[in-house]
Amino acid sequence: MNATNKLKIFNDPIYGFITIPNSLIYDLIQHPYFQRLRRISQMGMTYLVYPGAHHTRFHHALGCLHIMQKAVQTLTFKGVAISDEEENALYIAILLHDIGHGPFSHAMEHSIVEDVHHEQLSLLFMEQLNKDFKGKLSLAIEIFKGEYHRKFMLQLISSQLDMDRMDYLRRDSFYSGVAEGNINSERLIQMMNVQDDYLVIEEKGIYSVEKFLVARRLMYWQAYLHKTSVVAELILTKILKRAKELTHKGITLECSKPLQFFLQNKVELTHFTKEILDTFSYLDDYDVLSAIKTWQFNDDFVLSSLCKMIINRDLLKIRMLEEKPHKDILNPYKEAFMKLHEVSEKDIDYFVFKGKIKNQAYSKESEPIRILKKDKTIEDVVQASDQLNLKALSKPVTKYFICFPKVTLEA
Amino acid sequence: MNATNKLKIFNDPIYGFITIPNSLIYDLIQHPYFQRLRRISQMGMTYLVYPGAHHTRFHHALGCLHIMQKAVQTLTFKGVAISDEEENALYIAILLHDIGHGPFSHAMEHSIVEDVHHEQLSLLFMEQLNKDFKGKLSLAIEIFKGEYHRKFMLQLISSQLDMDRMDYLRRDSFYSGVAEGNINSERLIQMMNVQDDYLVIEEKGIYSVEKFLVARRLMYWQAYLHKTSVVAELILTKILKRAKELTHKGITLECSKPLQFFLQNKVELTHFTKEILDTFSYLDDYDVLSAIKTWQFNDDFVLSSLCKMIINRDLLKIRMLEEKPHKDILNPYKEAFMKLHEVSEKDIDYFVFKGKIKNQAYSKESEPIRILKKDKTIEDVVQASDQLNLKALSKPVTKYFICFPKVTLEA
Amino acid sequence: MNATNKLKIFNDPIYGFITIPNSLIYDLIQHPYFQRLRRISQMGMTYLVYPGAHHTRFHHALGCLHIMQKAVQTLTFKGVAISDEEENALYIAILLHDIGHGPFSHAMEHSIVEDVHHEQLSLLFMEQLNKDFKGKLSLAIEIFKGEYHRKFMLQLISSQLDMDRMDYLRRDSFYSGVAEGNINSERLIQMMNVQDDYLVIEEKGIYSVEKFLVARRLMYWQAYLHKTSVVAELILTKILKRAKELTHKGITLECSKPLQFFLQNKVELTHFTKEILDTFSYLDDYDVLSAIKTWQFNDDFVLSSLCKMIINRDLLKIRMLEEKPHKDILNPYKEAFMKLHEVSEKDIDYFVFKGKIKNQAYSKESEPIRILKKDKTIEDVVQASDQLNLKALSKPVTKYFICFPKVTLEA
Amino acid sequence: MNATNKLKIFNDPIYGFITIPNSLIYDLIQHPYFQRLRRISQMGMTYLVYPGAHHTRFHHALGCLHIMQKAVQTLTFKGVAISDEEENALYIAILLHDIGHGPFSHAMEHSIVEDVHHEQLSLLFMEQLNKDFKGKLSLAIEIFKGEYHRKFMLQLISSQLDMDRMDYLRRDSFYSGVAEGNINSERLIQMMNVQDDYLVIEEKGIYSVEKFLVARRLMYWQAYLHKTSVVAELILTKILKRAKELTHKGITLECSKPLQFFLQNKVELTHFTKEILDTFSYLDDYDVLSAIKTWQFNDDFVLSSLCKMIINRDLLKIRMLEEKPHKDILNPYKEAFMKLHEVSEKDIDYFVFKGKIKNQAYSKESEPIRILKKDKTIEDVVQASDQLNLKALSKPVTKYFICFPKVTLEA
């Protein structure tokens, strides 16, 4: 395939067309590490609530690439100097920023490889790709690690108003049909500028920033932390936990080899050789869901029950609570279920449990969203917004919940 | 035309189709009082900022009718008893709620007929129509006046979350292209219910209410109170003021007869005979804009200058101020302009002036937006929203501005 | 206003943002000749059928400018050399291509200035502007007149697949809500190229061209030639005809001075001095509709009756016929109306008349739409489309109609 | 769960909300046979071309249910008598019409269960469900089999303008971003009626029917039969073929038990016991894609090569031909590939092969789309459309292609 053929264009229902800017980017997209993202859903199990939400990490990464191109155009137009090399590095960094995600994205983040954040895995993938592509990713990695001297570039990739968030809010809203989550990424980008090496939003864009924060919060409570998503993803993690437990007891569970590897071995960040990274790269939603389909017929009551819940969307009940529940709240549910099924005291926690979810729409601890006032001074959006109480938005909200089988007290 | 032909359908880019439920409604729409709304723009002069914003009161009223039908469907589905007569009254009341608007809607509300609110005029029109239609509008009028015993019906027509606001926010956002103003009216309606004769939103719809309030506030600052709209509409009122002034001096200004009538006569609410109401009904955007086109060639410097500003979109400058300006702030602008043009001390106020605009996204003094909690209690959204500081939203915001000709100090 | 302020952006619900590429374009937009287009509706009287169709020539011209920018980008990207001067000329030419339209666009094209096509008037405006802007429009005019040696440039501005059609189909579809008229202008532009100095569409875009032609045909029958639009616009022309007739009899009709000028004088193309051009430029929808509002109370029965029809949307009936009607078909309608009203034999033609409408979705006589095959040969889309019978699309369709007052035979 | 909770609503980005009309429908949706459709993609491998096209049969079936509700509303409004039992049967029949689809929908239709059409399987599922639901599906089955006396009901479910096509065209267009495939299902339904027991479209809807047919044809060539989809799906079928071949040689391939069952057994329609039906119901995209992921490391060169192509989207090349290719056309490709790899004469057909694709936008042999003229006569759309040559649309188009590995002559 020659260079011209590589000037590829992707159709996107959101932006119309996504253009691939050059052949290096094209080759990265073609790499099996990246193609794998076609098999990792962006919103985990949320499709059990919103049946349209089957879009992938692959599509999201292309979307990020697209709006990064728009951002570079806007900033250049406003006189911010960005060299060709920097431009390309920005494209690479945003394209690959989430490449380390495993099956079902966040839903299983700490179930397969414990205690390793997906960003650390993204970095491992980038470094491996940098070897394959003979150092052409070095500047992208430098920016991604926050080591490049022009700090605003990192903010384009990872901050409270980065290309990542702009694409995923809009995309998740589009595919799920939660229309209120839609944001005007085009306008936000149009209002971007760089001042004192900070990424800033010009003052007249402040309402759009507020709208963005409200939309993000809404998406959290209405989609990402929707109680049905939450319970489905908790069941997913319990399945993995049970599978590891059984594996460690010496029981071999039918599943793909890469998944088996991670059931058998507790892998830490420092263990990651090229081989383990490759094994991880073979994992995607299909390994996990196929295993669950098989395991629904497993002899282990706990494992098979949990798996059937996912496959038939016949989940545990979840009840949200405003207050932290009393420590004994679960007892009656446990007793009721144990009367019906032979479940040990220890295993009952797979069916009856409690927890909490937390969200913070805006973090005052992280890099702020900076507003560029007309007098060229910079203000945190929390100060600049005269009206919407962003201080309130930055207060973390915690919600408590309990989960239990339908066939118990409340049946 | 027989009854069947009256089952008319309107195309609407927002809702797809708007169905006219019965022939009485159809006949009201056909009435000249209502057809006149085709010639009154919904957003006044805002099209000088957003060139797509040319939609009319006519279209908005049909849109309100449409979502009222959805609301009645939803409430009925949820078991709220609504009789056929009540249903029809709701349709009539929402269809006609704004029929009293004059040219350019709010922009000229107090310039043509002083001290009379458009809702009072709407009521006059309804009462006249009630005579023509032999009392068929009586229940609609009762609801509109807040005299009907089922209070939630008024809330559907006029409250902080009524069909009016739901349609205009969405429609104004659609036609202007201010995408952030879009709201999910369908979802809000889906969440409606009636409890203790109050219109309520079920608890799970609270994020949509928040989004609605934020969108409304955004539309205020980004569209309705956009500084260019503000200055254009102020020039409009100054033109009318000048025209009345000249008329009272005995100068006859070329314009349509109905407009001339209101230039010559100071009409109060109690004066409104059927004849005056009819004269008012002949007035629309076309009378005013045609007059302005003619007057741009008038001998009076003040009048012609102001008119040219509108016609050629060559407006006064407007500068927004955070603080109330010093009383002398205008002096240098006045002096500079008077040096260039022969304008009297008195008339300079037509060109150089100050003022303030005010907006309150949510009023705690009005009927609250009520949230129906899962335990069937009702809470004001201000209390129910745990996060978004609606208390802040309910604080009125005042902004100050000064206006002055371009060809002065800052030219 | 300095150069930076001129980098203006318009909101557009269709394309998001429309950017003004340079200050010359900005100054042209600011010119009263162009600002006037804000007061000329794009779709004439079609808003009587589709109440959302109030968008203007102003907005359409900006839309054309926007997609011309996209076309230049695409062609440049594909290696077509376009100099800065040519680029700018293309922007000017497309921006001003319709500046010669009078009130209600096509609806009154031959009523105000007889026998002069709007494109001829556009050229007069451009030439006048070229004087004002010291020759900066010369290349644009050369292209517009078809005198520039690079012929594809004219095709971008005026051909069967030009920027004009691409914008108006999409825009008219958007504002009217006739969703089927929507076309994928973005994709069509993406498929454009230049071969042998012809504007061509690459072969893989052929389905989009077919869709475009079908959409255009649909818009003709469903919107532009919708029977209600047709009858409304015919009434409009009859009003003007009657007004001229009365004027020539010495009766002075109340209306704006510019309109009066054209009622009194039969202006031909060669008569157009700068002064007459300016007078024409003062005319817009507001002059005509205001006159009609006034004339509805005129003593002349014909004039007042026709005017009332427009104002109250109480139009003549129109019946479509497949065949050319018999010459006597109108007689019974005429007789019936004359029994009810004192109308002379001569004047009855204002109320009872027949006619035909014609449309051709694709003209084989004009410049064809050229398809670029993979082997770099060019084929007319009529040949290249294997399936859709474009030959049929290129056959002109004629439909006949008769119009008559409701209060006659069929009442 | 009580009845009230079953009044469930699904979010849909296309229609807004999809309401489940009653608890029987709800229970059918909850059934594992139906939940399984969540794991079967609507467009097979098309996501390799359009990365957004990951929507499922589940979502499509809900969409069909939604527009069937609209159709029933419209027909009832127009006076067509539809009893509650019939209404419910229509909902059931449309909901389940595609329940017999296997993995990747059409892409593998004849690879897993040979010679059995998915509609036959849908019927088997419905009959099984009818047993489980105690005969409540009997009328739906009668309609589905074409045995019910009111024939228009079958046409709503299966005809050239049924709810199925209306939903899938719009949905596939939406998710893939092929905007031209979008159709105005709302308008088409609004134009529906029943005459002489035929489903008809009223004459004024004829342009929408034409647009529908053109959109459908476009979707075929641009999406369903896009050459990349075609080659991907052919590779898929070759993988299954190879897997069966190896299995029959006694080699055990790692995969899920249900898939293994169908690799080992040639199942015919008459074989389908409840047990085999259940086994089939356990199959979905996940079984197939997981197997392919595993098999990419299989020792068999043919199998592993084909599997890698799918996983890494590194497909065979496909070249479209207008004419039927010469029988020897493949020879040089075969020779070149056999020089590079040890592939037997027999196995080379897995890599180098030819074929054809066929589409007919409108079939004159099937039930026509009927237009209801104003005089109440019925005409086939082919006759009724005066312009668009639907005769041409009804001519089947055949396109030929050859496939071969990249690393051969054209590499």
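The chains carry the letters A, B, C and D, assigned in the order they are written, with residues numbered from 1 in each.
Just so we're on the same page, a contact is a pair of C-beta atoms (placed from the backbone, for glycine too) under 8 Å apart; a residue touches a chain by one contact, two chains touch by 3 or more.
Chain identities (UniProt): A, B, C, D = HD domain-containing protein.
Everything numeric in this text was worked out from a predicted model, so none of it was measured.
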| item | value |
| --- | --- |
| Chain pair, C-D or A-C, that carries the greater number of C-beta contacts | C-D |
| Farthest-lying chain, centroid of Cα atoms versus that of chain B (HD domain-containing protein) | D |
| Averaged-CA centre spacing for the pair chain C (HD domain-containing protein) and chain B (HD domain-containing protein), given as whole angstrom | 31 |
| Gap in Å, rounded to a whole number, between the CA centres of chain D (HD domain-containing protein) and chain C (HD domain-containing protein) | 43 |
| Distance from chain C (HD domain-containing protein) to chain A (HD domain-containing protein) - Cα centre to Cα centre, in angstrom | 50 |
| Shared interface positions of chain B (HD domain-containing protein), touching two or more other chains | 16, 179, 187 |
| Residue numbers on chain C (HD domain-containing protein) that touch chain B (HD domain-containing protein), as the complex places them | 1, 10-14, 16, 30, 32, 35, 38-39, 41, 47-52, 54-56, 58-59, 62, 174-179, 256-257, 282, 284, 286-287, 289-290, 293-294, 311-314, 406 |
| Chain A (HD domain-containing protein) residues touching chain B (HD domain-containing protein) - in the complex, by the definition given at the top | 179-180, 182-184, 187, 207-208, 210-211, 214-215, 217-218, 221-222, 361, 386-389, 391-393, 395, 397 |
| Of chain A (HD domain-containing protein), residues touching chain C (HD domain-containing protein) in the complex | 9, 16-17, 186-187, 190 |
